[in-house]
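Below, chain A partners chain B and then partners chain C, in two separate complexes.
For the complex of A and B:
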């Protein structure tokens, strides 16, 4: 039994090491956004100048607004359309349902490099071209499968008898959906929406191929800035992004258990 | 299933259509048509835009097979995918095991969330954070020189190991997640039974635990291998000039060289490779349910 305890201790220690590996770079990156030296030199001198100078950077601010707007619109569209599709897949039996469900996986599984370049070619060919509209079209398509998968998972816990009972008591289809089904699956819908927001807000690859100068999102701007050279300003804006997306995921976790534990 | 049919669900595609159409039309316009267009486009000599002349050609694919550069880079990317996946198994599997079988209750939940949390934060930013750590005069360099009595220069930035480190950091939470899910489903009594029948820890590990968690390992490997083979941002930022891979060449065709038909053909070859890999992994995953 002593060996068991030693092994378990080692296991816990290992988890601490892994968390260090996962978080240390991010913490260091964030710390450097509060360091005065423009060349990341130590000793550490506290400053918030880099955050202040972000406000002077019009290009970055414009890209930030684009990112937020696109993420919000993506969330709204993909949550509504995705929840509708999940309901249909849950409620009805028809030929080809398996195919429709299987079609959700290519958008998730195919590398974004391929999806992004394919969208660029197609949108150019049909005259949509590059820009915010193209980015929005792409983001909704990337977010939809996640929403459908998450909402469908929640629907699995819904008893169909409840809908039937409401119907037999005289409720019409719309009333059944809005007053019985939707309240039950709401946690799934909210989690799906948060997923959609995260997919859009953090999306780099697809936005990168679909953006033009002036019509771009925050990650694309950051990539361009990184390739020009590192500045603490990038650290500052990166820190803001990472805090926002981690907060979002913590929020999602409240609505949706990742671990599969019921 | 028959029960459910009788009570809840109804037959027929027609009532389902209004609910399904918007989402699937959107997916068609933004995913499936673009992929088909790319396939079509990869057989053209030039962009069919602005009245430019174009004809059908196999030249873009011939370029892949006649110039060893492209196949060499594809192999480099496949090797990169393999190495990153192996490191993710080595690092992620033990962590998943500890999470599933050693930790209990709330601490398990909290640590599990901590492990997969970075995965949902911005990938670009995380790669950038490694640039902070790995560059010469960076944190790793400074820290080691402060501790060690002799002077050493750690300059991993713009090297192959830097690309590996960044990618493993990006993808190891996937492996922890998938392995955790299968490991957690293994009944503890199976492990105890193995032990009480006289198997050593090692035997239990190799003959009970690893075979039962194989679906998680395969799922994790597929989920990591596929995007890594298509990665271009990570090698660009952390690899510098050594970071030329298949993905970066495709990126170049679209944003620098503007040879879109060649880019489409290269993308399509990558897609074929990816689909083959997913098809190979699929039976194992389906058996796992």
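For the complex of A and C:
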């Protein structure tokens, strides 16, 4: 009995350690965004100056909006295209289907550094060059395989008789998809969309290759700012992003009960 | 409402002939069973009639209109699937409303029709439930209501009762039959359960290896099977094989068996005789068999299975085991190992031409 209690204690300790390891840096960063000293000095002195000066930092704010816009557009495009592709792969048999499916996975495994370089060369070659459009195209290409993988996994649990039943009742292909298939795969579509958003919003490597000084995203801008000299404004903007994205995640998880219910 | 004609329909999947020149007429308002072992093509045939798949050749008509190239959503059929295929994201009422709603019927009409369909299957109060909150039998009823609410021309059922337990299945058989009579819809249902086919349908089509073996009313198929397969697949039968004599067959050991029903086979050709186990009288040597029983064989009881209302005797005769079913009349029961005389009438003996 004593050993189980020791093991239980160790288990708890491990969980505390794990959570601490994950969240402590974030908590410190958030705390420092409210600390008056720009050099992380204690004692802690409460201030919101950094948030105020962040408001004045036009470059950082512009980059933030760029990131949000690109992430949202990437999410919309890749979720719609990816879900449609998954449905096509699920429903139809066509020549080259196996090859197409096999080609979906390598982009997930290829290092972003290499993908980024390749995209830079390619976009220059075709005349798109660098900038927000290039970043958007790059992000969609990166996010698409994630959406297809997640939605296809959900489709594996779909009973094909449901589509047949709907058709036997007179529903055309569009009605079958919108009223029977889509509701079933919706949790997968949402999860795929979240993946796409994360891939785009977190994206540094590919964005770094494709951005120009005026047209850049938040991670690239933060990196540039740190290179020039660290200011607690970065802590402030990071804290805002963490709070907003965690709130979004929790909301989505609540609304759609991932994996729960049926 | 409409009849269905299937004429010379063939369908192959690769080298496998799933349907081989099948022709069958389903009259308006009838209740048909397509019976066969798995892989016999019965489900393929049903899917051809539904329009999920098109024949390689042949013609399918519903209500006289050729439909063999019309996709399922335009055929105006109703179908009940083996696992019900209820839409899990919709309530019972929305499931039933689906067919009317995709047609763009007005809301008030839909609500009324849905209620009427649910009342018909005795689920009038469960419209708000989700499918996963229903029992198997209730899901079956919802699937049925959903299939008939659109007033289809024909109702197709794919092993509709297969997933239910025995007691519920018998209830649903009666229920299904009642509903079918009430709305008078042409109904075709696929089953591998011969008892279900016998008790429910007006006509049965027996399929085997993609071919229609025999088609007709249950009594006719049971009393006059045209092949050994039909005889043994629909009910039990004792089969004797020998040479046709013109009035029966002669077994290899010289015994003759007289048959007055079935095919006419020219004398000398190979033929067989089928006799139902319940038509055979079993007696010990002392008792006199019924004088009408012109066919007699001697044997020995090898096993008796008592089932309450009847007993099944397995009787060994010259290397062949024959099956005899005797109603429980309170008469003396025969012991295993006892020598017995089997006798039956030529009227109960069906002559079958060798395949």
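The criterion applied here is as follows: the second predicted complex is superposed on the first by the 240 of 262 C-alpha atoms of A that agree within 3 Å, B and C clash if a C-alpha of one lies under 4 Å from a C-alpha of the other, contacts with A are read in each partner's own complex, and residues count from 1 in each chain.
Assume contacts are C-beta pairs under 8 Å (C-beta built on N, C-alpha and C of every residue); 3 or more make two chains touch, one makes a residue touch a chain.
Quick caveat: nothing in here was measured; it's all calculated off a predicted structure.
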Notebook entry, point to check: Between chain B and chain C, positioned on chain A by superposition, is the outcome a clash or a fit?
Noted result: fit
Note to self: Could you work out the angle between chain B and chain C as seen from chain A, using CA centres and rounding to the nearest 10 degrees?
What the structure shows: 100
Notebook entry, point to check: What is the contact status of A:178 with respect to chain B (first) and chain C (second): first, second, both, or neither?
Noted result: neither
Next item on the list: Report for A:52: first if it touches chain B alone, second if chain C alone, otherwise both or neither.
Entry: neither
Next item on the list: Could you tell me if A:164 is touching chain B, chain C, both of them or neither one (first, second, both, neither)?
Entry: both
Notebook entry, point to check: First (chain B), second (chain C), both or neither: which does A:250 touch?
Noted result: first
Note to self: Contact-wise, after the overlay, does A:23 reach chain B, chain C, both or neither (first, second, both, neither)?
What the structure shows: first
Checklist line | In the superposition, chain B vs chain C on chain A residues touched | finding: B
Note to self: Just to be sure I read the superposition right, which of the two partners does A:6 touch: chain B = first, chain C = second, or both, or neither?
What the structure shows: neither
Check: Just how close are chain B and chain C at their nearest CA atoms in the overlay, in Å?
Finding: 8
Next item on the list: Report, in rising order, the residues of chain A that make contact with chain B in one complex and with chain C in the other.
Entry: 161, 164
Checklist line | chain B partner contacts - residues on chain A that touch it in the complex | finding: 8, 11-12, 14-15, 18-19, 21-26, 28-29, 32, 40-42, 77, 81-82, 84-85, 87-96, 100, 103, 106-107, 109-115, 117-125, 137-138, 140-141, 144-145, 148, 160-161, 163-164, 198, 202, 204-205, 208-209, 219, 222-223, 226-227, 230, 234-235, 238, 241-242, 245-246, 248-250, 252-253, 258-261
Next item on the list: Enumerate the contact residues on chain C facing chain A in the complex.
Entry: 50, 52, 71-74, 76-79, 81-83, 85-89, 98-99, 102-103, 132, 146-147, 150
Note to self: Could you list, by residue number, the parts of chain A that touch chain C in their complex?
What the structure shows: 159, 161-162, 164-172, 175, 179-180, 183-184, 262
Check: Which positions of chain B touch chain A when the two form their complex?
Finding: 4-5, 7-13, 15-17, 19-20, 22-24, 26-27, 29-35, 37-38, 41, 47-49, 91, 94-95, 97-99, 102-103, 109, 111-118, 120-126, 128-133, 135, 137-139, 142, 169, 172-173, 177, 180-181, 184, 226-227, 229-233, 236-237, 247, 250-251, 254-255, 260, 263-264, 267, 270-271, 274, 278
